[in-house]
Amino acid sequence: MIFYAASLALVAIGIYVVISKRNLIKIIIGLDMIDTGVNLLLISIGYVRGGTAPIENGNYPLYVDPIPHALVLTAIVIGVSVMALALSIVIGLYRHTGTLEIDEIRGLVK
Amino acid sequence: MKRIIAITLSVLIFLIFMTAFARVKFGNIALSKYFYFNPVKKQMTRDSVPSHYLKEGIKETGSTNIVTAVVVDYRGFDTLGEVTVLFLASIGVGALMYIKREEKRKVREANEIVKTASAFLFGFIVLFGAYIFVHGHLTPGGGFPGGSVIASAYLLLYLAYPKYAADHSKLSVLESLAGLTFLVTGLLGIIFGGHFLYNFLPYGVPRYLFSAGVIPVIYVAVGIKVGSELTGIVDSMMGVRE
Amino acid sequence: MIRPVLLIALPLFFAFLLPVIGLWNKKGVKYVTVGVMGVELLLAVALLDEVLLHPVIDKIGGFVPPIGIVLMVGRLGGFLTLIIALSAFVISIYNLWEDKEPIVRYNMLSLLLLMGSVGMVITGDIFNLFVFLEITSIASYGLASYNRDARGFSGAIKYVVLGSIGSSFVLIGIALIYAQLRTLNMLDIAHRIGEMDPYVRLIAFTSLFLGFGVEAEMFPLNTWVPGVYDGAPNAVVSMFASMPAKSSIFALARMMFTVFSFSGFMWFVAILGLITVFFGEMVAFAQDKLKKMLAYSSIGQMGMIIMGLGIGTAMSVEGAFFQMFGHALAKALLFLAAGYMIYAVKSEKIQDMVGVAKNPLVGVPVVIAILSLLGMPPFVGFYGKFYIVLGGIDARAYGIIALFLAATIIEVVYYARFIKVAFAKPVREYVSPEPVVYLPMMVFAIVIVVFGIFPAPIFAILSKVSMFILGGI
Amino acid sequence: MELYDFVSIILIGGMIVLAFIAAESRDLLSASIAMGVVSLIVSILFYMLQAPDVAITEAAIGAALSLAVMIFGIKHTDRWEKK
């Protein structure tokens, strides 16, 4: 239960950062935080009390659910891809406007 | 004012999802109780999807690591999509960081300790990454962890020798060939087995290196692809330097 | 016998191959792309031909459905695939005119955008849908900022932020469904949706709905649209209006009808659609830049589709699918035309475009597209609006229909204003368009007219829409 | 209370604190490093939840590569957040 709370707290902090901060790199950090939170959420759904990692070892009967692991492997890679692309967009914007603050960019770009 | 709205909204989202997740049992032991419905035959079964994977995984795919069996075989199509996402990111970053040659940046040399240590460690880290993705069907790991470990070895090289730059055209050819290997393996499945990504090679004996049919082939391709793409992303993000 | 997986494998194969081709011939890449999209169109026609007989289910890896991933295509899926492939092919011809550096990467991104949009339509697995959503949106982020100027980047960053929050919400929705049912196949979920806790089901639906709503340009989540449509290259904007937007709205429809098995009147969705219509049309009325006006008008049109889905009678959903077809063609045409007009006039303001459409090669398709968007009888757009209205009357949602018709009048006013300027007496000579510019527009216009006069084939495709509403494929 | 629960509570508490630091710090460099540490803690949590594959991936991608990409991004732009 505490794992659900922790991961949703990460999601909530991430959303707070995205909404309230005006700095683009800070917003990307927030997005990364949301991603990490959702990944932790998925893994904790797949946990089975007393289970071991789903690798056949011959004598242990109880394994955790392997599907969320597969999903999270996908989600982690997707997260880093989005982050890299977002950062390169931010760098491009900085080259043109010289600032990272949304309010200043809004003034500069008609 | 904006802060207060943001705090209220995020607390609200937290509470809404938390009340929903409060109805989901944590550490639920009864995985096999969620009987699935087969939409092709239109009938219920007496088994659930995850317990089917755990029980039949070795028999159906030959892989000891069930996560690998799920990632590469049962849900291999997702993995193809995921490789595509990374490919897209490396294309996108390369296209957006594409600048004219004059805008080179000056960089400072790293000190002697970092240089020596990374020259020493580089080979070992690459070897470790290769080990991880070659043994993906036997031990924890696989193409994604292995590829990212290899990329982190290159990251170390970039930090120690800032002037070093990967040849982008060679990297992209490597990416393309690895991606094509994956895709062609999938298409060969249609020819030999009638289904895309069908595991058409013999499974061999589980727990041996040469087992599990196409899984090691695909995971090696994925590992090379992930490694070269993440290296390409790091290289593009560093920009042109001298 | 055609396999749906080929529609995904083909563009992906060439996207992987293009850097190798680009090593020895940079210019040839464009023609390869056009060829690939042409073959994709043929495959889509063959697929539609097959799904008219029976739904096609393609098992990836040879595992039975909830165990492995399946692709499943019904009649509507085949229809949407055809719309996407057709627009992609025609727009790729226009791409021959506009060179975007670096060329190879541009073509790779557009092939993968096509692949992602088609994949979102034909997949039968909810997590696979998420993966394709990500492919589509990452390709869109890259393409949206391809001009590499301040406007393009600032539009794209808004899109990235909203889009990735949206996809996180989709993932949370999937997590809730998975936690309660331990399956990811759509038909399996649909069959066992009753086992879910009602509250959890509501939250899961809401977060999936909001997540797909970002891409489908739904009202509170569409603030990215004007910036992106303003800053992106013209061919790319045309692609956005006809490919990812349509596939994500189809994903939305599948969430509502196939997965969660809601049927009947959904006041929440219908009212959200109506607000979207009003927001789009009112703001479009106030714009003085051509591309922004078209962007907001596009929001309005997407709102109409969402409204049609929300009213939920067979007729209104049929109208919504007709509207998807009409809007994809007409808006793609108008954005292509806008690209030429801005190039010819060298200004983006509507009042500077005096007489630019006097040239019949541009003027005739533009008029056809606008009339179709406004819902005039001999064109495709007429059936869409007409059936949405009929369906609304059927569901006794008179208030919604009345407001909807009022919004349509706003649309008529601002398009009339544009036509009045564009067809006035020209103040100076404009460059006449090249064949690669007017041919794609002509193709779109011909399709609009032909299917407007003979709508029977499309009605035949849409004839099983009531089964879709009741939870079919 | 078992050791497992105790360790997980400590790790989660540290993770939340670091997430707040990442959210509130005006130095973007330290914010992104805090985010890297959050990723590292999450990868330990993955290991505790019996997901070793995911733990390796998260440690390599989340804590190393995405932090490096972030730092390169900050190097190209501005280090300080204005208020």
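Per-chain residue numbering starts at 1, and chain names A, B, C and D are given in the order in which the chains are listed.
We adopt the following convention: contacts are C-beta pairs under 8 Å (C-beta built on N, C-alpha and C of every residue); 3 or more make two chains touch, one makes a residue touch a chain.
Because the structure is a prediction, the values reported are computed rather than measured.
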If you tally the C-beta contacts, which comes out ahead, B-C or A-C?
B-C
Cα centroid separation between chain A and chain C, in whole Å?
28
Where the CA atoms of chain B average out and where those of chain D average out, how many Å apart are those spots?
20
Need the CA-centroid distance for the pair chain C / chain D, whole Å please.
38
Counting only residues that touch at least 2 other chains, which ones in chain A make the list?
3, 9, 11, 13, 15-16, 41, 44-47, 51, 53-54, 65, 67-69, 71, 73-74, 76-78, 80-82, 84-85, 87-92
On chain C, where are the residues touching two or more other chains?
127, 131, 134, 138, 141-142, 145, 148, 172, 179, 182, 184
Interface hub residues of chain B, defined as touching at least two other chains:
17, 21, 24, 31, 49-50, 53, 65, 67, 75, 78, 81-82, 85, 88-89, 92, 96, 140, 142, 144, 230, 233, 237
Pull out all the chain pairs that touch, please.
A-B, A-C, A-D, B-C, B-D
Could you pull out which chain A residues touch chain C in their complex?
11, 15, 18, 24, 27, 31, 34-35, 38, 41-42, 45, 65, 67-68, 71, 74-75, 78, 81-82, 85-86, 89-90, 92-93, 96-97, 105-106, 108-110
In their shared complex, chain C is touched by residues of chain B numbered 16-17, 19-21, 23-24, 31, 34, 36-41, 48-50, 52-53, 60, 73-78, 80-82, 84-85, 87-89, 91-92, 94-96, 98, 169, 172-173, 175-177, 179-180, 183, 186-187, 189-190, 193-199
Chain A-facing residues of chain D, complex
5, 8-9, 12, 15-16, 19-20, 22-23, 28, 31-32, 35, 38-39, 42, 45-46, 49-54, 57-58, 61-62, 65-66, 69-70, 72-74, 76-78, 81-82
Parts of chain C lying in touch with chain B, wherever the complex brings them together
3, 5, 9, 12-13, 15-20, 23, 57-69, 101-102, 105-106, 108-109, 112, 115, 119, 125, 127-128, 131-132, 134-135, 138-139, 141-142, 145-146, 148, 172, 176, 179-185, 187-188, 191-192, 197, 199-200, 203-204
Chain D touches which residues of chain B in the complex?
65, 67-68, 132, 140-142, 144-145, 148-149, 151-152, 155, 230, 233-234, 237-239
